[in-house]
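Note that the chains take the letters A, B, C, D and E in the order they are written out, and that residue 1 is the start of every chain.
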Amino acid sequence: EDILDKVKAAGVLKVGTETAFAPFDFIDAGQHVGMNVDLFAEIGKELGVEIEWVTLPWDGVFPGLESGKFDMVAGPATITNDRMKRFRFTSPVAEATVALLKKAGDETITKPEDIAGKPVGSGKATAQLAQVIEYGNTLPSPIEPKEYVSFNEAYADLAAGRVVAVANSFPNIAYVAQQRPETFELVEPPFGVKTYFGFPGRPDPEYATLMDAIDAALAAIKADGRMGEIQKKWFGVEFDTPEKIEKANI
Amino acid sequence: MTFDLDLIISFLPDILRALGVTILLWIVGSALGILVGFVIAVLRRYGPRGLDLALLAPVELIRGTPFLVQIFLLYYGGPFIGLSLDSVTAGLVGLTIYGAAYYSELWRSGFNAIPRGHIEAAQCVGLNRRQTLKRIILPEMTMLLLPSMVNMTILMLKETAILSIISVPELTLAVSALGTKYYAFVEGFAILALVYWALVEACSAMGRYAERRLSKYRFAAT
Amino acid sequence: MSWKLFWLLVEASRLTIILSAVSISLGFVLASLVCAAVMSGNRAARAAGRLFVSFFRGTPLLVQLLLIYYLLPQIGLNVPSEVAAIVGMSLCTAAYQAEILRGGFVSVPRGLIEAANMCGFSPAATFRRIRLPIAVQLTIPALTSEAIMMLKSSSLVSVVGVIELTRMAQDLAASTYRPLELYAAAGFVYLVINIVVAGLGLGLEKRMSWGRL
Amino acid sequence: MTEKPAIKVEKLVKRFGANTVLSGIDLVVPRGQVTCLIGPSGSGKSTLLRCIAFLEEANEGLIEINGEPLGFTSGEYGERNRLPAAQIQKVRSHIGMVFQQFNLWPHMTALGNVAEALVTVRGMPRKAAEERAMAQLSNVGLSARAGHYPSELSGGQQQRVAIARALALDPDIMLFDEPTSSLDPELTGEVLNVMRELAQSGMTMLVVTHEIGFAASVGSKIVFLDHGEKIVEGRPDEVFGKPRHERIDQFLDTYLDRGAATLL
Amino acid sequence: MTEKPAIKVEKLVKRFGANTVLSGIDLVVPRGQVTCLIGPSGSGKSTLLRCIAFLEEANEGLIEINGEPLGFTSGEYGERNRLPAAQIQKVRSHIGMVFQQFNLWPHMTALGNVAEALVTVRGMPRKAAEERAMAQLSNVGLSARAGHYPSELSGGQQQRVAIARALALDPDIMLFDEPTSSLDPELTGEVLNVMRELAQSGMTMLVVTHEIGFAASVGSKIVFLDHGEKIVEGRPDEVFGKPRHERIDQFLDTYLDRGAATLL
């Protein structure tokens, strides 16, 4: 059974996501909001279907996708080669290049190189962690990586002072710094290799038409400038994103 | 649904190392919890009445709130009041405090279950308080409490999984890497279920064995 | 932390309370059955009961929930989140409650059952009128603590898409980046609920204290 | 049916594992009389009583209650055939039993204990059952205590409630297993008095007791058991009077030895 | 010091809350004799014994053991002064106590129960203590059971271990609180025999008992307590013989009533 047909017939595209990933998906005043909500609203229009959100902790999202609880994942996730083996990603929706967040007013860190030899936090087994370690190896003395079950704990530990910086994708930490300027501050520029966020979906053949349709919708949204507006609204900047990632940089 | 066995095998060394951490924290945390819980129970029973009431509040506070909340506040909140523990220490301290609250209640029920006459008999032959505690009350309680102690210790194992939130490199955190890196969540959860199940069964088997061994100490019919 | 956020937590706690209350009650019914199976003379029933208890006590609730929520659709049963949460919690707490009840049942003095036999009670009537009430009275304190434990474990049901108290705190922490305040507030709400539950347990214990056996 | 004895036990054998506790007991309990079962500890008295109440299943032998087989009938070739549960229950309903440990249900009042079976088993409406239960409690002198829970009653009162509970179901035969031996000496009197009155009213009673005095004064027949065998059986004066069976002599010594003789 | 009585109790008052359980008891227990304390349930017998063992603290009055004050001395103006714990322990070491419920420690063998205090309190080496304990167990006829846990012993055997445990510490005075009333009648015999032998060996004993026969035959002195007061005191023939105190008559009736009279 072709999933696109099923979605069209039902008139509903079910999208799974977690709501602890600002500014993409989060809870503001009890409401689920974020860049994904706006973007999928546009995708829905392009496909002519309603969007139905299924919000779960990240642990539950991929088992849900694999068991067919919903048709795709909003995430988004950094597109890596390992992950592409298991899932099909949409065309990129934002840049995911890694940058650093530091404690507000920390004079010892003004540029990425300053983290040499210091404790830096990131999510366990994430693409961002791998990159900051690799980056640290290029510095005079390697960094001391600290791994967290999710980035939110890493931010908490930055506030608590156990790490001097947190490495995460630029859009995320830019938003954190903007939300709590008294506590956090962005370290510019991003240091990592260029990576992108995409929405993961199923690689199975019956999903192919759906994923193609979403890519087409995204292309249309990018082409007429709606994407730019949404990015500006949530990240404060617009990103140039390629049409399609065949092979990621990491 | 995909299930990638090779992926699990490639993660095996990591998982085994993490399993070691889990078991270590579980055993040390439970042991310390049992010990501290005993001290609390003794203080509440033999100390002044004020101390009993003073200890009641924290015990109920710990028992009434989720371990997740406690450990989060201890680890991430601690530095704000000058208590900066590393994750394994914080995990151990947190587990000990959490366990101590529960174990202390078990010990207390044990004190109440010992027939007064057994203690009076000790008094009559001249055992002092400390000797009575050590030679009579403690051993008698141990066998009375064995089943509930085993039960609580199993719960303690389950709670060690929460420690992933403060980056203790234990099993759940290690397995989460399978999910984050390869998005192989199903494999991860299968491992967690099997390993925890095996540990729980091992623990209950030991409990049953000890219970059988101690069965002849059960109270004599009068 | 604003009152508005705190109010969101309180609202989320409603779901925590409802889910826990329903699961604990359903779990009790299920536990009675499992307990009956474990204590029955039928070998197969006994083995099934033991396996049930072993599995649901031995594996993390998180995994059980995922199995129910994600494996059931594969065999064509597409259960909504709330139902999956209740089923998962009920099964898990049933395993614990069954063991607690078993302890109660074996402590019912044999003589009381023999007295019922002599009065001509059927096995079902003996169970309903004599064994169950006494077993429950003996185990109320343990059942109360299990209820509190379950209330706290209900935080795990968010994995099947239910936004209860802990999940709400986590979500709010993730958007406001103020986890300490939110976690402390959530802990406070749990504490209040649990104090009420403990009070109810004590009240029940008093009401059922017809003296000792 | 009046010519049939109330209880007839034939060649009853009961084993616990390898341990033979009753080795071929024959016993006849005549209607309307008190039969007392005495014997040293472990001689199998309780086990015999429990077999008659069908709380234990005998390994061999047959039991008849009012001429009806209980539990098993003998088949054509002498083999035993188990009777259906309903039949067992029907025959057992002739029997009331009072235990040493009272075995009152702790979650019901005295009245509830007595009324329960009338409602649950007999299907009487609760109100009628309670009236009948109240009458039974009056009989044992406890109407004032009807609303008390067992934990609020003295041992003697508890035992009297237990007797009322058994009597409420209108049994033909009452079995007592050491009904006073968990009572204080002063409370024992209460219960023995109730039993004495019951005996006078013509109830068939089989009583296991250590109260030799009671047995001697109230029993019409004494049965002495030792090591699972019936050693002596007869009227009290035959059993206790001289010349006595040597084993009885020895048994009585353990009582006399306690010095009661010097007192009286 | 031999002229001093073993136990001397003066104006002892004990209250539980508002409930006065002992209202001014005077009692002298002479050395080398058996004194029996009898009385109805709730009359305060156990409480008196427990005060003498200092398991309860009396509210008023004084106790002397072998002429030494136990727990309190009277001061200049008649006020009571509490003695230091070491002194209490020293005086109490003259006393051994045997309880109704045996109170053996379930996690130690019979031998362990008897040897424990020798090691822990007296500081004897374990081996010597066990030899001594073994001798005590032989005295009560239990050497064959030394390695058994209490749960593996009969009630009578348990009580004999309890007696051995008390005797191992070489007390001058033994207190018994209804030592046989949780035993089966035949097991009672065992324990009473051990007590009888102990009495013959000249041990000073104070025994709370419901075994009137034992009291009458072994006791040198009977003390009858009722409602926390000493009603009668004297030799058995004085107390039980005619003419009797009216209250004693009434009390004995509850025993005679049980029909023992018809038998003998």
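Just so we're on the same page, a residue touches a chain if its C-beta (ideal position, glycine included) is under 8 Å from a C-beta of that chain, and two chains touch if they have at least 3 such contacts.
This one's a predicted model, so the numbers in the text were calculated from it and none came from an experiment.
Student: Give the label of the chain whose average Cα location is farthest from that of chain D.
Tutor: It is A whose centre lies farthest from that of chain D.
Student: Select the chain at the greatest separation from chain E, using centres from the mean of Cα atoms.
Tutor: A
Student: Starting from the mean Cα coordinates of chain B and chain C, work out the distance between those two points in Å.
Tutor: The mean C-alpha positions of chain B and chain C differ by 20 Å.
Student: Just how far, in Å, is the C-alpha centre of chain C from the one of chain A?
Tutor: So the centroids are 37 Å from each other.
Student: Using the average of all C-alpha atoms in each chain as its centre, how far is it in Å between chain B and chain E?
Tutor: The computed centroid separation for chain B versus chain E comes out at 45 Å.
Student: Can you give the whole-Å distance between the Cα centres of chain A and chain B?
Tutor: The separation of the two C-alpha centroids amounts to 38 Å.
Student: What residues in chain A touch two or more of the other chains?
Tutor: Answer for chain A, listing residues that touch two or more other chains: 59, 63, 66-67, 153, 156.
Student: Could you check chain B for residues that touch two or more other chains and list them?
Tutor: Only 1, 72, 76-77, 80, 189 qualify.
Student: Which residues belonging to chain E are in contact with no fewer than two other chains?
Tutor: In chain E, nothing touches at least two other chains.
Student: Output every touching chain pair, sorted by label.
Tutor: A-B, A-C, B-C, B-E, C-D, D-E
Student: Hey, which residues of chain B end up touching chain E in the complex?
Tutor: Contacts found on chain B: 115, 117-118, 120-128, 131, 135-136, 139-140, 143, 216-222.
Student: What part of chain E is in contact with chain B in the complex they form?
Tutor: Residues 53, 55, 89, 92-93, 95-97, 99, 101-107, 116-117, 120-121, 149-153, 155, 158, 162, 165-166, 169, 182 of chain E touch chain B in their complex.
Student: In their complex, what parts of chain E are in touch with chain D?
Tutor: Within the complex, chain E contacts chain D at residues 40-41, 181, 184-189, 192, 210-218, 240, 254-264.
Student: Show which residues of chain C lie in contact with chain D when the two form their complex.
Tutor: So the residues of chain C in touch with chain D come to 109, 111-112, 114-122, 125, 129-130, 133-134, 137, 208, 210-213.
Student: Quick one: which bits of chain B touch chain C in the complex? Just the residue numbers, please.
Tutor: Within the complex, chain B contacts chain C at residues 1, 60-61, 63-70, 72-73, 76-77, 80, 147, 151, 154-155, 158, 161, 189, 192-193, 196-197, 200-201.
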